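Labels for the chains are A, B, C and D, by order of writing; each one numbers its residues from 1.
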Amino acid sequence: MSYVSFPSGKQFDFVAIGRLCIDLNANEINRPMEETMTFTKYVGGSPANITIGMSRFGMKTAFIGKIADDQMGRFIASYLQRNAIDTRNVITDRTGALTGLAFTEIKSPTDCSILMYRENAADLKLTPEEVSEDLIAQTKVLLISGTALAASPSREAVFQALYYAKKHGAVIAFDLDYRPYTWTSPEETAAYYNLAAEKCDIILGTREEFDMMERFEQNPERSDHVTASKWFDHSAKIVIIKHGKEGSIAYTQDGVGHRAQSFPAKVVKTFGAGDSYAAGFLYGVMQGWTLEKSMEFGSAAACIVISSHSCSDAMPAAADVHDYIERCSRGEITAS
Amino acid sequence: MSYVSFPSGKQFDFVAIGRLCIDLNANEINRPMEETMTFTKYVGGSPANITIGMSRFGMKTAFIGKIADDQMGRFIASYLQRNAIDTRNVITDRTGALTGLAFTEIKSPTDCSILMYRENAADLKLTPEEVSEDLIAQTKVLLISGTALAASPSREAVFQALYYAKKHGAVIAFDLDYRPYTWTSPEETAAYYNLAAEKCDIILGTREEFDMMERFEQNPERSDHVTASKWFDHSAKIVIIKHGKEGSIAYTQDGVGHRAQSFPAKVVKTFGAGDSYAAGFLYGVMQGWTLEKSMEFGSAAACIVISSHSCSDAMPAAADVHDYIERCSRGEITAS
Amino acid sequence: MSYVSFPSGKQFDFVAIGRLCIDLNANEINRPMEETMTFTKYVGGSPANITIGMSRFGMKTAFIGKIADDQMGRFIASYLQRNAIDTRNVITDRTGALTGLAFTEIKSPTDCSILMYRENAADLKLTPEEVSEDLIAQTKVLLISGTALAASPSREAVFQALYYAKKHGAVIAFDLDYRPYTWTSPEETAAYYNLAAEKCDIILGTREEFDMMERFEQNPERSDHVTASKWFDHSAKIVIIKHGKEGSIAYTQDGVGHRAQSFPAKVVKTFGAGDSYAAGFLYGVMQGWTLEKSMEFGSAAACIVISSHSCSDAMPAAADVHDYIERCSRGEITAS
Amino acid sequence: MSYVSFPSGKQFDFVAIGRLCIDLNANEINRPMEETMTFTKYVGGSPANITIGMSRFGMKTAFIGKIADDQMGRFIASYLQRNAIDTRNVITDRTGALTGLAFTEIKSPTDCSILMYRENAADLKLTPEEVSEDLIAQTKVLLISGTALAASPSREAVFQALYYAKKHGAVIAFDLDYRPYTWTSPEETAAYYNLAAEKCDIILGTREEFDMMERFEQNPERSDHVTASKWFDHSAKIVIIKHGKEGSIAYTQDGVGHRAQSFPAKVVKTFGAGDSYAAGFLYGVMQGWTLEKSMEFGSAAACIVISSHSCSDAMPAAADVHDYIERCSRGEITAS
């Protein structure tokens, strides 16, 4: 059964709007960042990672965002282009904004901190008038990401993109991606997350992210069912609530909760799990697969990414994911 | 025919959220502000004026807002209380914010400029968590005003109030009240005005204000009908578009445009016309009058205010408005 | 004996740099500001008041400052010109800055509070490159005022003016005029006050203002002698420390402390006492009078100002001050 | 002949105040930063580098500064301590400030750009009250660096340190180190550089840096002699003006200009040349060497640093510098 129908006759399968930044990943592992001496540079940012993932799955993709007018910004544009992502709507900032940075450490597979540089970040300078209506008119799916709502004018640019997507019938996916450091207060965050989520068809987030959105509401038992139901009163068709190691649950408008199996992995670090899951899941749904199969595909994609050093660069091709699932089914892969 | 039905069993008839400030009106008339030497102090701010108007009409009213912890703030609270407006949700700022000021000149009845002081204004410091759900649960009508959307956290407080009003079934009125000086850009303004208007039952604004909201839309002929129709796809029941001296038109969901007669006045200055009109119109609609009669009542209330020196202090009682209409019908009042 | 020698052959006697603002003085007296309903507009700001005073004494004066591009700014420029103050170096801001405001109440002659509006104040936008070297080269005295040090770029403009004054041999007077509300911290204040005072010939301030400057120094007994001595190691020739009702003491480089008699007054309010004292004292010193006679002239000028409603507008002519002194000597004036 | 005499009986030879940051140096050379994929982390910042240099020469050193409360800040403190630099006055910021970053590329020995991250930098948060008078009372030399003057409260902290150094007789060295990106305008920069330089005994800078300071002065031929003379009217004993490849010239109060020979080097990159020169020169002067010998020692130290990958980590011991000079004199080192 198909829960979402995608428009046909569009030039792009998938367009994302939001954060483009740089990950500086620790080369030395099993040590704190204080003792990490060298770092490797990758493109980062949740919507960038998801778009790279979709492109590697063979989807026709584009990005709407803003980059700094510096060496880091030029690297990002070039990397997206090399991954076959259309960058006609990736604007170069001219105000002296900087590329956001995320330094990582890899102390252990389960204990890794991130040090963020988000002051005067170029990606948050995207304005509503820079969002291309033509591009959004030509896509089946628009993905928005919560960090782009953290500041003006990027926040207004996202609402402008939502307006265009509604007008032209694109399916809208919302990856909550809540990062407290760019927000003034949880109350401010809740306000704009809720306004955006009202307009979205597919909402993906962790239980904690949905809790933040319910700051002014009554859901004391943190019920996934209560959480999901609210959004079906607006535009939502699918709401996915992620519970970390305990797996995810996908609700649909008929009130049913769907669960899927998970896979073992030799974990290097946990960064990037959510982005690869989102790419895999959305790819599956766009293929017309069942929710369960789509969720499995997302889980397997996530396993591949957390077994490697980067987020963006490690995004697998579809064949790699199918292969991973098969190897798991043959018992060839076990948890680290 | 009733276009809006108001909930019953509520403690308050009317609650407004937004700007509370001070008007400093020129005492000497027929001269520019440079040559105006003394000023008289009044409570000001569009939602404050409308609430004072409603209270004078005998409505049970309350206000949600924030005042500076200074002599001006204390004067505002005291004036509201003397006008029988409940101030339990008028919060005193503790961060050193200032009371917004509006100096006026009265060069001629049709040529009056305003000098605004809006830096670090206390009214824009209202936070979502300071908005009382109980108060909104106990009102028939919630009025929001556009200037409160101009900055955080006041903007989020308005969206929080809208959430509570929807939840508890209050009728929501939106007085657009667009003042460019507190906004970063027209694009930012359009974004939040549209998000707010989607949730409102009654929308009142000038043609120019609706033009600003349609910045990214197609309405090249500035058709009132096109403008109004858009909002009936969301929550609106009544959309009033004001054309200054040419009068106003009220659209209803059935596609009908309603017009009403206007009245002559001996104009001192034009400030406050919109606020008294809004108060009079909303009062009429709440009495169950026809739109035409409600509009006439609003027009007559406006005539009384523009014939006097202040906005807030000149708000008439209902009997005064009825009397004005009668005197006009007897030809006792002619234009200045 | 002459403690300071003034250069000759200069076009101007006196040039001041710094704050130009508007006082809005309560018309109704013996009540708090909350209950004050009308206000009268005057030019204000300590260096403006002193310059107006000097001009009324017959000195050839000019002002270096910045005004808002609005009705208040134009009123200030016009008022200075009407008082024969050269405004060639009074620049109009083009960034949307506002005129600083000071609302006063007159609860009693000794209990009057001020409500300041100093956000985005135009006078603090003066830049170093806007300071006219020619003008400073053509003055006998340059007066600086502490409030102009509170923020960039006005602070740098003052240091630029000090550089020009040193270069061209103008006598530099520093009216400390410390107003906490425009400063970030007392430590920041102390830093710039001390850097400026090092370059000044005549320093006038209250005991509390000198205490603030000695924040990081050892003067636990708050000795005026210790305070004054420090500045004679730099550029100072005269240091005046004001002790309110207990009178003032003027130190000179020879280590002598000079005191003068004070006069009775029918006090309306205390605002403006310091400015009229400074004008009177500096006028006396420029006439070659003894310090004692100059201090007396300053005191009498202050008595006249505090007996009237405004600061700037009440600045007396020299004949008025002499007359006041004579009437006091004849016992015609007694304290209120 | 000795141009500066250093106080005796002090616990420290050398204390610096100012910037502490992180250099992220390109590992791959001969390519632009866009194509640089890995970076190595070093402590950076001109005064930090100079202090590390002084410590490696065997001087007893301490640092006055502020670090972020994060992994980068802790690395900096730990590195200073491992280099025997006293960190009792290295304060940890608690406001969420970040460690400044400098990414470098090494395109060729003479063509290397830097990408700076200086928003909300922890080093600029040092306050005047955090500067230890005791520490400055116990040092022979205090070094200040221009970047610390770029913003409040760090700027006031430097003036506070200058006040303490004057009070306790420390020799003050000023490394101009002008970096445009942290300043609002060249006029602002000139104002504070000049105020600081007036209080310094030894001033080191490039011709371009002195030009910036002379923005409002008359030196159209950019004469080094005119530049140096100005400072001898204040506190200066030695003024060094650096002309890049053409070498440096040191002026002394007697009006004499001193020049020294330079050395060949196999240049990897030019970063760090100024810092190692300053350390070498100041070390020489403190040893009582002639200016010429001190300048040569500085030049040789600089040659060692620019022949290696880092700035701070490459700072040589005194024996290494003597050895380099000897090898040059034997013709064993030639230019790359």
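Note that a residue touches a chain if its C-beta (ideal position, glycine included) is under 8 Å from a C-beta of that chain, and two chains touch if they have at least 3 such contacts.
Which protein is which chain? UniProt says A, B, C, D = 5-dehydro-2-deoxygluconokinase.
Quick caveat, the model's predicted, so the values are computed rather than measured.
Q: Which one of the chains is farthest from chain C, going by Cα centres?
A: If we average the C-alpha coordinates per chain, A ends up farthest from chain C.
Q: Quick check: how many Å separate the C-alpha centres of chain B and chain D?
A: One centre to the other, that is 61 Å.
Q: Centre to centre, by mean C-alpha position, how many angstrom separate chain A and chain B?
A: Taking the mean C-alpha position of each chain, the two centres sit 42 Å apart.
Q: Using Cα averages as centroids, what's the distance between chain B and chain C in whole Å?
A: Here the centre of chain C sits 44 Å away from the centre of chain B.
Q: On chain C, where are the residues touching two or more other chains?
A: Counting only residues that touch two or more other chains, chain C contributes none.
Q: Draw the chains as points, connect those that touch, then say whether the picture is a line, ring, star, complete or other.
A: ring
Q: Quick one: in the complex, what on chain B touches chain A?
A: Checking each residue of chain B against chain A gives 127-129, 133, 152-153, 155-156, 159-160, 163, 184-185, 187-188, 190-192, 194-195, 216.
Q: Name, in rising order, each residue of chain C that touches chain B in their complex.
A: That would be residues 24, 27, 32-41, 70-72, 74-75, 78, 98, 101, 103, 105, 113, 115, 117, 119-120 of chain C.
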